[in-house]
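For clarity, chains are labelled A, B, C and D in written order, and residue numbers in each chain start from 1.
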Amino acid sequence: METLHLELPSLQDDTLFPQTLLHGVVSSGNLEVLVEPGPDAARCVFEVQTAAHGFSEVWQAVLRDFATRHPVGGLTFSIHDAGATPAVVSLRLDQAYQSLRSS
Amino acid sequence: MNAPQPHRVWNQEAQRRQARLQRSVPFARGKAVAPADMVSLLEALLEPGDRVCLEGNNQKQADFLSESLAACSPQRVHDLHLVQSVLALPSHMELFEKGIARRLDFSFAGPQAHRLARLVQSRSIEIGAIHTYLELFGRYFIDLTPQVCLIAAQAADAEGNLYLGPNTEDTPVIVEATAFKSGIVIAQVNERVEHLPRVDIPAGWVDFFVVAPSPNHIEPLFTRDPRHITEIQVLMAMMAIKGIYAEYGVERLNHGIGFDTAAIELLLPTYGASLGLKGRVARHWALNPHPTLIPAIEAGFVERVHSFGSEVGMEAYVAARPDVFFTGADGSLRSNRAFCQTAGLYACDMFIGSTLQMDLAGNSSTATLGRITGFGGAPNMGSDARGRRHASPAWLKAGRERSGSGTQVRGQKLVVQTVETWREPHHPTFVERLDAWQLMEDMGMDLPPIMIYGDDVSHVVTEEGIANLLLCRSPEERAQAIRGVAGYTPVGRARDQVLVENLRDRGVIRRPADLGIDVRDATRDLLAARSIKDLVRASGGLYQPPKQFRNW
Amino acid sequence: MSMNVNVSKKALLDRLFPAGHAVSEVGQVLCGWGQTATGRVHVIGTTAHAAIDTRIALALSAAVLRVVAEDGNHPRPIVFIADTQGQALSRREELLGLNGYFAHLARCVNLARNSGHRLVTLIDGEAVSGGFLAFGLLADVIVALPGAEVRVMDLRAMARITRIPYERLTELAGASPVFAPGADNYWRMGGIHALWTGAEDWAAQLQALLQGSHEDDRARLGAERGGRKLAASVAQEVLYGHG
Amino acid sequence: MMTNPPQSFREASARLRVQGLLDAGSFTEWLGPARRITSPHLAALDAPVSFDDGVVVGQGLLEAQPVVVIAQEGLFNGGAVGEVHGAKICGALLRAIEMRARAVLLCVDSGGVRLHEANAGLIAISEIMRALFAVQAAGIPVIALVGGTCGAFGGMGIVTRLCDALLISEEGRLGLSGPEVIETVKGVEEFDSRDRALVWRITGGKIRRTLGEATMLLDDDIPAFRAAAAKTMGDRPRQRGLSPDALQTLEAAQRRLEARATLDPGIRDGQQVWQQMGLGEEVALMDPAEFNRCLEARER
């Protein structure tokens, strides 16, 4: 497994109720993401454990876009990945964000 | 004026045919051959160097005749030149390994692609050329006419009339070329019957037939279980329907095989209907009877389908929908690969399919290293037919987009590639250089095996958006448009962000949001069927899926 | 005197019950009694690495039910002799619902426990996955005799299925008792209470096991012996709600 | 447009199944993912881990009755039981007794023991069996729900058959050894695991319902499972102290199983079972409600 720790600036959405949420399942080509309140309102934190080696740059690009796309400052996203493609990673993160908003 | 040359004999081919038939007499009773005598018959009538067509496409296979040929003595039968659509069976490869055959002209080698590549590298095989189906069929009448063809049919009667059943496929074109150029036609049939449901090949064109010990093998190659369709594929199907089908009003089309296109088929009666597209798009099809098309047929989207071949399990459904499918008086499907390919090339406004790799010029290839897969029919469908003259709204609109401010003298077929940016980790779909180039070098080919030429491609659909290549005004723009939908692949990350945003402003690149599509709506709930069982239900119990697809 | 019992099991019975035993073997199923210092105990078990099918499972459950019915209010201990290569692999057995036969057998064993029978399992030979789960593993106390092989799957098969190299598995098996076959691994995990050696007085040792608690103490034992560090604490935490 | 599509039980994750089965908003998870009790054994083998180790356990309300719910995630390592996974199930079962739950809903979706921690898994399943007996002895019914991608196999196939009731979808499967294992060891002639139709005729919901193992055959629909679970909970009160495993009950069960085992030795396919009952091809396409009615008519 490869691990990646990333902290990125992101806007904060005050209406998002800080809570714990698990989305997705660890299975081949898929991942789970655990969303929790983070340490800093102006940044979001990503902790990634992935089965696919050598994709640190791609992860950074995917996560950076996500942090730009949505106001997720003040949140931590912990990911267990079993070889999801970037499209699936982005989709699961978007879905997790939408679940946060709707709950 | 020259006088006719006195010694020139004008019927040498017919004489040679008579000699072959003479030598075959001991091994046949009239036209009927016993399975046990087939090897002897082939050894008697074949001559070294003969051009032989062994029928078989990606569906039905003259498997018994192929095995019989492979069992011939290489001392008696050798150096044959095979001219056939598909290399699919292990016995096809044995022919070359044993020296029974030496030279090959073909179209497609799916299951034997790896073994074929090894034979090429060990120089056990000479490849004339790799064709599309229509090219090969064309050459049957020009310079690759078979001297002997070994075909597969459903049934024969006592005189040797043949019934082909729903899987007509390549048989008519092969027999036409062989029988009318003094060749020998040998058929394997599944059964001999008193009265055929219909005569597809008249006995006068058939020299021998054999009732094979077991029915010819047919793969259910066009069945896609909806269970395996992903949310990403649903999203891409939504984009294709809204951004291309609706935008151009595509009424006549062909779908490649795969889960991406199966998703589109299953979204037409749900998402497509919600956009008000029924009766406006996807009315006339060149397509095998895909089980995933059933809901769209039942919903009244699909009005007519002509097929290359059939699909296992669809027989009863097709027979019950003669307004949609082409059927004989007996009720069963009448397919025909040569005609359907022609229809796909000239009579359709759109081809949409998937691929394994695409470069920055839009060239795409399904070639992977160490395998020679060939082309099949996709390039016939997936190319702009520059000979086309009749107009349609979709064809004209695409042509207008391509010609830009210039004078429009022709339309343009929509050739759409729908691909996810990554197939799996370590396998990006978008690449700077296709593996096909390396394969060309390894195999000593003249050209890289490119499935769809980039200059024929009109649109690329990925999960990131749609790139409309018709609107690109330079190779550089085209490359940026492709990079702009190539996601997080190295190719995609090397995009020029400013240029890509400009292309987006011009509508060359359209994101889901630009199309008014909310990514959250892309769930499997949109599929008109989520399982094979749903397809059976949609067909009113008429579709009878093969056992490997059932869970009941 | 015991009848038709295979040689190795006969030797085992002689050693466990020097005062006498009467056990019969029918179709790889052992059934009968042995004499101990404190009276007779029931003996029920399998021989020759039996592949447990519906027939054997039914014979075992019938034997347990018979014992419970006969003893009534005076339940005697039951000594299970486990020797199984696992469940029978067969399409017909699956159609019959072999898992349901195993579940029934487990219920019968549990009924015996609830009826006051002390349950002792002696593993003599093999104890493999499903066949072992069905009854041997449900006893109050479980003992492995010398040479006993206890496993779910051997490492080569596991390497094929998990796609972890065999060499890596053998290397890791040295450090962890959690996946590799072996009675000692099961002992460390608390799944086996005791490992007997060839030199000991088995009759006396068995005697000592014929009384004791019915509590399932295996998670605690696993934690104490360091082989299964989480099972007890995780179950406790769920149970008492610190989650 | 289509009517509302069913909420597929098969396609839902364990977490979504739990949400859909219980009264809205009533679920409280025990040892939830934020606690990060993952499997150290998977990590040691460099295999991906999951925050909940592939099983969701907790309490909630089913039609306002307090229940314990346990749901295995079939997509994570085939729902297989490891040390943490098994201990969570065990703890949840025992807690049902402490909190006097009205019932336990056990969503089994598992191939059995997790090979990466096979010894821990095997012992854990045996511990689950004993905990389940304790729950039943306390008068609390355990209802098994099977309809996920993995079905209920291996030790979890045994556990499923220990439950008071089994609710299964046609897509659900129940057995001991997986068809692939049987094919590998005994050959393709014994069991062709690629013949899905055959696999389902041996292990699938319809044949399991036919043989009386499943209480009800259900549509692949979470609300259908919820309704059936609520109904079962009402229908099958267990009384504290009155053991279902009383000698007479088990003797009767013994006779039933003996009778089934004497089924014609030539019978190796569910189709033959249906033929003997006078049912033919039509079985395949009957929807669950129709199939239940058909069997109930025969059972009367």
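Operating definition for what follows: a contact is a pair of C-beta atoms (placed from the backbone, for glycine too) under 8 Å apart; a residue touches a chain by one contact, two chains touch by 3 or more.
These numbers come from a predicted model, not from an experiment.
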(message) By raw count of C-beta pairs in contact, what's the busiest chain pair here?
(response) C-D
(message) Using C-alpha centres only, name the chain that sits farthest from chain D.
(response) B
(request) Can you figure out the chain closest to the middle, judged by Cα centres? (result) D
(request) Go ahead and note the Å separation of the Cα centroids belonging to chain B and chain C. (result) 60
(message) Rounded to a whole Å, what is the gap between the Cα centroids of chain B and chain D?
(response) 44
(message) Rounded to a whole Å, what is the gap between the Cα centroids of chain C and chain D?
(response) 25
(message) Roughly how far is chain A from chain D, centre to centre by C-alpha average, rounded to an integer in Å?
(response) 33
(request) Would you please write down the residue numbers of chain C that are in contact with two or more other chains? (result) none
(message) Touching at least two other chains at once: which residues of chain B meet that condition?
(response) none
(request) For this structure, give each pair of chains that are touching. (result) A-B, A-D, B-D, C-D
(request) In the complex, go through chain A and note every residue touching chain B. (result) 29, 52, 55, 57-58, 61-62, 83, 85-88, 91, 94-95, 98
(message) Quick check: in the complex, which residue numbers of chain A touch chain D?
(response) 1, 20, 22, 24-27, 30, 32, 34, 36, 49, 51, 78, 80-82
(message) Taking the touch rule as given, give the residues of chain D at its contact with chain C in the complex, in rising order.
(response) 29-32, 35, 37, 40-41, 44-45, 47, 57, 83-84, 86-88, 90-92, 94-95, 98, 112-113, 115-127, 129-131, 133, 137, 153-155, 157-162, 174-177, 179, 181-182, 185-186, 190-191, 202-203, 207-208, 211, 213, 243, 245-247, 250-251, 253-254, 257-258, 260-261, 263, 265, 267-270, 273
(message) For a test of understanding, state which residues of chain B touch chain A in their complex under the given definition.
(response) 231-232, 235, 420-426, 463-464, 487-488, 493, 519-520
(message) Can you tell me which positions in chain C touch chain D when the two form their complex?
(response) 54-55, 58, 61-62, 65, 68-69, 87, 89-104, 106-108, 110-111, 114-115, 129-130, 132-134, 137-138, 151-153, 158, 161-162, 164, 168, 172, 176-180, 185-186, 189-191, 216, 218-219, 222, 228, 230-239, 241, 243
